[in-house]
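Next come the structures, one after another.
In what comes next, chain A is part of two complexes: it sits with chain B in the first one and with chain C in the second one.
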Partner chain A sequence: MEFETGEETKLQELIRHWMNERHAPDILPAQSTLLGRLLDHIRKQNDTVQLLRADPDSSEDEHFRIMLAQTEIERVKFIVRSYVRTRLYKIEKYARYVVANPEIQERLSATELEHAKKFAHLMESHFHRTVLQSLPEEQRGLADEVVFMPPMIPEPDKTRSVFALARTQCPPVRLPDGSTSEMEKGQIALTPYYVVEQLLARGEVELV
Partner chain B sequence: MTETRQYGDLATQLVTESRRSTATDTLLKYNDPLVRSIIREQRQLEQMISSTLLASEDPEFDGNNPSLLIYQTAILRNKRCLLAYHSHRTDRLRDMYWAVGGALPHLLSDQDIRGKLSPHEVDFLKQYNSAVMDFRSEFSDELDITASIVQPPKDLHVLVRVIRDCGVIQTELGTIDFKKGQRFMVRRADIEHLIVQGYLEEV
Partner chain C sequence: MALPISLRSSVTPPELELIASEQLIEIIPLISMDKTAFISGAYGPLRPPAKCKLPIWMATNLKLKKKCHIVPPDWLSVDFLQDRLTRETSQLEFCAMPFRFAEIAKIVLDVASDDLENPDKIRSLLKDLREARQAKSREGITKLDHSELSLPNLCSMEINEIRPFFIRSMGVLTQLTRHPAPADGA
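What follows is the complex of A and B.
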């Protein structure tokens, strides 16, 4: 992958977002543009490879390079796939929460949002058919809010601990006990997710 | 021996079944009789609530009735357990679905698995499959998001042995007719789904 922006290639950027997504308890903003560009690039690379393979004049050396390029394409595709599937897993897990919260919907791509809606509906109708419709009418709700019981709609747990690595000098963040803390570039900290949420959104830290 | 049973005991059995399923990493048979008896218990409890409420319309009643609280707690707990059981099962079904790379017919044609599902669960899988297929179709042909994400690819090609006949497959090297017992060196991306579904085996 040859195109570069600053010190980070598109692929490295994807790997960073992939790692973040896998470590964060919450659903992070969709990287649609980045993903689109990488997929375009994969397609172009693939076309080039096909062209070179079909060309009888390409040398032994070139064939070796083609093989390397193909392997690299497969590996990039693996990361894209894992990234998409990680998001899909979280989206399904929190589908009913997503449907109820416009704020989190902004972080999803149109396709993902569509899937979340479908899945939430699917789960609700499955619950309805297997359990709720046989219960007396008073008990059919799916959103009981009872004291001392966890909510019926699972939400991302933002207090979960994550390892954050500072990519630059970070502005101070407020810790749960009220004190503030600053991270130097290269420093790694174990903190609850919500403490570094903003830093992560601005790309000042990455999760490791 | 007379069986003494409290409200909520059946639901505990149901949840224990889910725990056992997780602990042994297997899908157990859908426990329809147990689910039905818990639902019967729920109707009973609801009736007892209504009759208690009727009794409390007595003018001398002081409004203090702890049994209502107990019925209500039992109802809520049973309902939670029922939903948890079904949600645990759908989680497992989705795991199984992804483990075979989204090949639903392959999953449903397995008599052993099919026997463990309730009819609603078969419907669930079918609808889930169609939702995932819609999601997949948004990506280009280049990228099949249902392919395996367990092992990052190390080599482009892989040596496979055919376990079960799987007919003629289009590959990079042209079409190959996979017959049981044969070995082939093929491009991983072309046949990965066949490995996942157990037709081929890596050597």
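What follows is the complex of A and C.
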């Protein structure tokens, strides 16, 4: 029906990335610039609010605007926090996978990467101190690959399905059953994550 | 400080409501306010009784303080919903509805039912519509396979409702089809 075609604001952009991050099984590229801009905006808006509040001459009308501005600041902060925490959850879950894979490290910000490394190190030394050191040498590995067993280092399951909504006319993608599919603007499809991974990276679809 | 466990598997309806509240809605202000810059854009000026477009969260905020009337969107009326319900029950496909209609309808009905004509009728129509659509999405599960399922006109809240079950079903179908593949190659 009506899909907003106008320019998307920075906040809407963040909301889109927030939802993508929430639904995608993999860790998506960090949106550092966008996040920085919004944080700057929050800070500026906060300063304005403080300035207006300090002014004793402000009218009731002014108080109203202050209240609305503060409400919005809280809303934006909530979204920023939830976005960062979603990434943090995935980073901690896949910490050891992140440390072992330079490809995924590119998608993390410097602080996130540092956290992942520290977290992985803490986990490993904890396992070692509490249990592994009292086991025989050959059973101490944390990265053994045993047939018919799930891997010891959990990695993102890209075959998990996602609901993708096309933001524009998308180029054809190959489906697991060998056929190809082309999504038109506004179309919604349930499909494995790896099918739409490239479309998502280019912003042609969003996850809903 | 990672995401709380309760939020890890899916998005919650209040979060969807938060997102929907960023959309604009028309109001008739009862107070005046100069044009003000917000993070999501500049809104105003409010000059009663001229209509003005504001984000829904701002409109509900003003409404709760009795400082505006909300002009319900065109689709939130008895006529429109009645028409959609008739079509929804007579054809197999989903009818086109605004993507976040469920969230917006709930917000408007919650805070501004006095600005609507016949809110009780609207409530019951929305409920009927929801049930009709729910039945269809449940039927959709029979069409599920491991590669793709197109869901035209499905809305945000409905997707969220079927998400856990559909994703798991598709996961099982993927496993079933994936496993024979290596044997073929060997």
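Please note the rule applied: the second predicted complex is superposed on the first by the 202 of 208 C-alpha atoms of A that agree within 3 Å, B and C clash if a C-alpha of one lies under 4 Å from a C-alpha of the other, contacts with A are read in each partner's own complex, and residues count from 1 in each chain.
Keep this in mind: a residue touches a chain if its C-beta (ideal position, glycine included) is under 8 Å from a C-beta of that chain, and two chains touch if they have at least 3 such contacts.
Just so it is clear, the model here is predicted, and its values are computed rather than measured.
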Taking chain A as the common reference, can chain B and chain C both be placed on it without clashing, or not? Answer clash or fit. fit
For A:His126 in the superposed arrangement: first (chain B), second (chain C), both or neither? first
Who does A:Leu108 touch here: chain B (first), chain C (second), both, or neither? neither
A:Ser82 contacts which: chain B (first), chain C (second), both, neither? both
Is A:Ile42 touching the first partner chain B, the second partner chain C, both, or neither of them? both
If you count the residues of chain A that each partner touches, which comes out higher, chain B or chain C? C
Could you look at A:Thr71 and tell me whether it touches chain B, chain C, both or neither (first, second, both, neither)? both
Of the partners chain B and chain C, which touch A:Cys170 in the superposed model: first, second, both, neither? neither
First (chain B), second (chain C), both or neither: which does A:Arg160 touch? second
If we overlay the two complexes on their shared chain A, which of chain B and chain C does A:Lys118 touch? Say first, second, both or neither. first
Give one of first, second, both or neither to describe whether A:Glu92 is in contact with chain B, with chain C, with both, or with none. both
Once both structures are aligned on chain A, how many angstrom separate the closest C-alpha atoms of chain B and chain C? 5
Looking at chain A, which of its residues have contacts with both chain B and chain C? 42, 67, 71, 75, 78-79, 82, 85, 88, 92
State the interface residues of chain A toward chain C in the complex, per the touch definition above. 1-4, 9-12, 15, 19, 22-23, 38, 41-42, 45, 61, 64-65, 67-69, 71-73, 75-76, 78-79, 82, 85-86, 88-89, 92, 159-163, 175-177, 179, 181, 187-192, 195, 208
Can you check the complex and tell me which residues of chain A touch chain B? 39, 42-43, 46, 67, 70-71, 74-75, 77-82, 84-85, 88, 92, 111-112, 114-115, 118-119, 122-123, 126-127, 129-131, 134-136, 138-139, 144, 146, 149, 152
Of all residues in chain B, which touch chain A in the complex? 35, 39, 42-43, 46, 75-76, 79-80, 82-83, 86-87, 90, 94, 98, 118, 120, 123-124, 127-128, 131-132, 134-135, 138-140, 142-145, 147, 149, 152-153, 155-156, 188-189
Which chain C residues qualify as touching chain A in the complex? 1-3, 7-8, 11, 15, 18-19, 22-23, 31-34, 36, 38-41, 57-58, 61, 67, 96-99, 144-152, 154, 156, 159, 163, 166-167, 170-171, 174, 177-178
